[in-house]
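Two complexes follow with chain A in common, the first pairing it with chain B and the second with chain C.
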Partner chain A sequence: MQRQTTLGRIVRGTLLTLVGMFFLFPILWVFLMSFQTNQEILRIPPSIFFEPTLQNYHALISGRLETQTGTLEIRFMNNLMNSVILATSSVALSLLLGIPAAYAFARFKFRLGEDIAFTLLSFRFAPPLLVLLPLAIYFQQLGLINTYSGLIWVYQLITLPLILWIVRGYFEDISEDIEHAYRIDGNGWFKTFTHIAIPLAKPGIAAATLLSFIFAWNNFVFALILASADKQPVTVGALAFVTASGIQYGQIAASVVLSVTPTLALALYAQRYLVEGLSLGAVKG
Partner chain B sequence: MATEAMTGAVMDGSKRPLMRQVLPYLLSLPALLVCIGILIPFGTAIYYSLQRYNLAFPMTRGFIWFDNYTMLFTDPSFWHTVRVSLLYTLYTVGFELLLGLGIALLLQRRTLFNNIMSILLLLPLMIAPAIASLMWRLMTNPNFGVLSYLAGMVGFTDFRWASAPSSALFTVVLIDIWVYTPFMMVLLLAGLRALPRQPFEAAELDGVPQTFVFFRITLPMLTPYIITASLFRMLESIQQFDIIYAMTQGGPGNTLMVFQVTAYLERYQYTNVGRSAAILMVLWAITFILSNIFIKQWLRLREKARGIA
Partner chain C sequence: MTRKIDDLANAVVRRQLGRRDFIRRAGQLGIGASAAVYALNHAQSMAFAQDFDWQKHSGTSLKLLLNQHPYADAMIANLETFKAMTGIEVTYDVFPEDVYFDKVTAELSSSSAEYDVFMTGAYQTWQYGPAGWLVDLNEFIQDPAHTGPEYNWDDVLPNLRASTAWSGVPGEALGGEGAKQWAIPWGFELNSIAYNRRVFDAHGLTPPTNMGELMETAAKITKDVDGMYGVGVRGSRSWATIHPGFLSAYANFGETDFTMENGQLMAAMNTEGSKAMHADWVRMIKESGPRDWATYTWYQVGTDLGAGASGMIYDADILGYFMNGEGNAEAGNLAYHAFAPNPEADAPTPNVWIWSLGMSNFSTKKDAAWLFMQWASSTDHALFGAREMDFVNPVRQSVWDDEAFQERIAANYPGYLEQYQASAPGSKIYFTPQPLFFNLTTEWASSLQQMVGDQIPVDEGLDQLAESVNRQLRQAGL
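What follows is the complex of A and B.
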């Protein structure tokens, strides 16, 4: 499309290298750091060549950290498990509740449906603390504070609007004629929904699932307010761990690596859907 | 709409008209429940914001109408919060837009290298902002942080990043840029690649200079995408909590006391529920206006994209 001069190529290459360094170097640096002992980390100038060690990961996974002053208990693996439980169940629940609702909003144009869809969307952009602070008091009274079920319920605020709006767009794109033809053959609406609509909307469902999982995994403020240490996900747990462990930098780096690996791996594995979901349904590639 | 009428006709002809009518409500019931789940605490927040309500002094609790708000608006520290939040939003969205647009233009052509690069550049966006802050805390550590080391090498021997009031805003803005520029990039790149080709081919045939093509063709056609992406980022940026809380908890001093961090500390450090709720209501009013503009813009763009597809 555009003519490329040699100079243009060099400028473009240099700029892209700088961009790549800015965005990828931090990940690489923390990754390398997680395989270093504290002495190696503190060496100046920073060392590029070192003997990789797994002791940081070992300490995190075994849950015991040996320091000069004694043994420190680490709950980090527990946090990691909580993240898995919270993100997976929230997304599963949202899919179960959200896909039928998305179908209803797309197929049956009804007033209440529009209102619900827009309320959910506009609260998606409201300050989370506005709802969370009063909710903490209600949760206390209902016995839902610091429970998985309470948290999974609140996580619907992140996952449900996303699934609803992305999947709804895909349902709207399916030609109704296909569904009618199937219905005229004598199939009920439920069979039409599960055999025609859902398979056709699969890319949208995949994109919404991936994106809502990542958002749920990365959420920080919900569990900060509604859970204590034993139910907190890695985002909150890692921060608490930093405060508790103080100068165990190698372990901090290892905890960062463990916290981000699931989302990074998922993103790379399913990148096709990622771009689709991230462009908010505004662009279909 | 024609399709609507058609659906109606088929529905009326079905065997169970009652079921047909109830079905959409049944299917959307869960979403409705979640909505109620949000609206009740939202109502409570409004109610709290009209009360003198401090957990430390339960006896003084009472209804005071808009006193929390008038107290906020006459308090310089609240205006500091407004100022910092707006500056944070302005800097982050501004730089992310410029950088995101630049990268999108660099990666516009669909080559294998560009595609791999655009996927790799998405990685920071997949990292939780709170965890990203931890990474940057490690990198800016004065004892071993690679960024402190590099800053020292270029002459800033005692650059203290987020721990100095003069550079704290710069540091958190930098982290925000690191995390969210990929979002701008991906949306603008998708937009660029979805643009019709004819105007560009015509310009090329006529030998129109590249700068002219960019400012007169590319930029105007990309504007709807730019507006949508910027509004979305503004909505998130003005409410930023994770990055700032994880980095400095609003410090040093009150340097980074943005809306949500202020409200959080007001509630959990000073136990002042009423004032905290009032601060969040002010923020909500801002986001409400922004989100209405955003949603309209986004739906229009979506319609347009669907028209082309």
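What follows is the complex of A and C.
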């Protein structure tokens, strides 16, 4: 193995720092903005030196936003909680339905199997706006309008196809011989599925979970149309800081920091599974 | 103590005591200004309620759909008064403006009975009204069984009443014969100049009095003031780019968006006068507008003025009003000026945006909903909002005449009242009502972007725009 020279190390370090700064600077800037007042953010020219304040976070957590035209009541924490409920429940339901379905599509050949799988995928093709109006009418008739259960159902349009198709690919990549060997030992297909297939497909399930969680978390339009203000997710709630009397940049930055945190935490947690998944692909024969 | 303040408040209602004396005497009783104002407001509402049965729908529940706006905040701050007066329970959903009309359109187009009353703009009623989604409010306003004697509909500024009424026939004048009152004006904004007085004074500038001066002053600011550009106007690819300063100036030069020829609407954006006005506007933006003009909306235009990045704006007067408040670097430095761009025009012709209240045709509680609308658009509530909150600009003449309101505005917003008085007579909606309003006006903004971006010369761009607009009108059978 060739040893790296000192100059090489310095050049490499400098380049890595530059690339890192290029990608991370906007995030860092938003983070810094979250500790500044609107006036500091809007000063000309901008500066990275300021007196940090927690007032933006305080406004979000206390639910009271002071603007030049008075005090506004904001429901950001409620929005954040709604996002957690909707994204988590939708992904959980999709995992429950999608993983067995993915296994079935990967392992068993049955009539119209591919058509059904493709139909599920096609849910991702239709622009949400196209289906929202008929959905709103059906939801009114079914009493599902403005309910968490109705929204979680609709969120399946986002999360279920994603989980199903990603996990199906992983199941297909796992050698059937391992499962056959396990079944020869007298185990049924369900036990094979839970004890062999799922553990082996864990990296894929983790990747699909993370991706579908991010998609569900970022969804904007379903809750907007199908629910009242008290069921709105953080994506709609964050717009509350753009008011006729001005844009509250500090609060927007703080809300971005707070709303990114759950997804970031999940990504960090799932990272090791994702890396495992990549390595698995790399050494496979 | 409570009784004493109530007595004092009732004395104000009976006009035996002035408002200023009331606040002073309440202070002597150890009662804070906000508590005193609440007591006064309550007394006025109770007096308002005496000649009309406000309790006839007691026990009913209403749900409102509101845009996040100071007008909604003022109403929410006073809502307990309405509940106490009527016994009606009111809940509301507030949505940010960015998504508000998506929500309203979805609710109405799906025939939802979820909301009884909602905030709307006048332009939106051109779509909602003829579609059968709104109630014609004439049936309530004109009926003494539904409307109390104190309501005084005629007190609402005539141009605003007309601007929210339309027959539904494309091209027919707003407020004309057979017009249906699709909404009740609630608060409005007209378009004029708001400028940074600190900068103007420091550089010996005076507010412009015509288009030439506007361009000249803006160019001077861009050239002479470090880090500041001359004039902020909107530029995003949206109908909202056309309706403020741009259309106000356009109308002032006597130009119209459409003409009626043989019973057909015809685009009128490519007349010689229109081309000359467009050329000036485009040159002004290129020379002295914001660098990212094509992304500019209400928010950027206002934020730049408040932050000291622009020397003036030609936009909604209340945008300049809001930017003069705390939290802005230039708070207290802004001033206001009525503006007639055409040197030959007698007066300004500001196009207006009217936040209004509409009643859903799918509401199952229309009578109770009207009680709410009646109260929310009453003189009583308008006075509360104008004196204590930012329910500005008021739509009622009696509120503009109110001394307490005038004193408050004069003290904090120099030149605002004068700007209003000079602008108000000519302020109305200058668009021709027609159902393709949003699509065609957005295309107009897109065309303007191409002209500013030098993608197309002004003359050619307007000829193409007129051709495209006419084609779309014919396709829609208009």
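The rule is short, and it goes like this: the second predicted complex is superposed on the first by the 226 of 285 C-alpha atoms of A that agree within 3 Å, B and C clash if a C-alpha of one lies under 4 Å from a C-alpha of the other, contacts with A are read in each partner's own complex, and residues count from 1 in each chain.
We adopt the following convention: a residue touches a chain if its C-beta (ideal position, glycine included) is under 8 Å from a C-beta of that chain, and two chains touch if they have at least 3 such contacts.
The model shown is predicted, which means the values in this text are computed figures rather than measured ones.
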item: Partner chain in contact with A:G98 - chain B first, chain C second, else both or neither; value: first
item: Contacts of A:L130 with chain B and chain C, given as first, second, both or neither; value: first
item: Which superposed partner A:L162 touches (first chain B, second chain C, both, neither); value: neither
item: Contacts of A:V236 with chain B and chain C, given as first, second, both or neither; value: both
item: Which of chain B and chain C A:W217 touches, first, second, both or neither; value: first
item: Which of chain B and chain C A:L42 touches, first, second, both or neither; value: both
item: Touched partner set for A:G246, first chain B, second chain C, both or neither; value: second
item: Partner touching more residues of chain A, whether chain B or chain C; value: B
item: Which superposed partner A:E176 touches (first chain B, second chain C, both, neither); value: first
item: Contact residues common to both interfaces of chain A (with chain B and with chain C); value: 42-45, 132-133, 137, 221, 236, 239, 242
item: Interfacial residue positions of chain B with respect to chain A in the complex; value: 3-4, 6-7, 10, 23-25, 27-32, 34-35, 37-42, 44-45, 48, 102-103, 106-107, 109, 117-131, 134-139, 141, 143-144, 146, 149, 178, 181-183, 186-187, 190-191, 193-194, 197, 200, 204, 210, 225, 228, 232, 235, 239, 241-242, 245-246, 259-260, 263-264, 267, 273, 276-277, 280-281, 283-284, 287-288, 290-292, 294-295, 298, 301-302, 305-306, 309
item: In the complex with chain A, residue positions of chain C that touch it; value: 68-70, 73, 93-99, 102-103, 106, 109-112, 114, 227, 298-299, 302-303, 306-309, 318, 322-323, 325-329, 331, 389-390
item: Chain B partner contacts - residues on chain A that touch it in the complex; value: 1-2, 12, 15-16, 19-20, 22-24, 26-27, 29-30, 33, 41-46, 97-98, 100-101, 103-105, 107-110, 112-113, 116-123, 125-135, 137-138, 153, 156-157, 160, 164, 169, 172-173, 176, 180, 183, 189, 214, 217-221, 234-236, 238-239, 242, 249, 252-253, 256, 259-260, 263-264, 266-268, 271, 274-275, 278-285
item: Chain A to chain C touching residues, read off their complex; value: 37-39, 42-45, 67-70, 72, 132-133, 136-137, 140, 145-146, 221, 224-225, 228-230, 232, 236, 239-240, 242-247
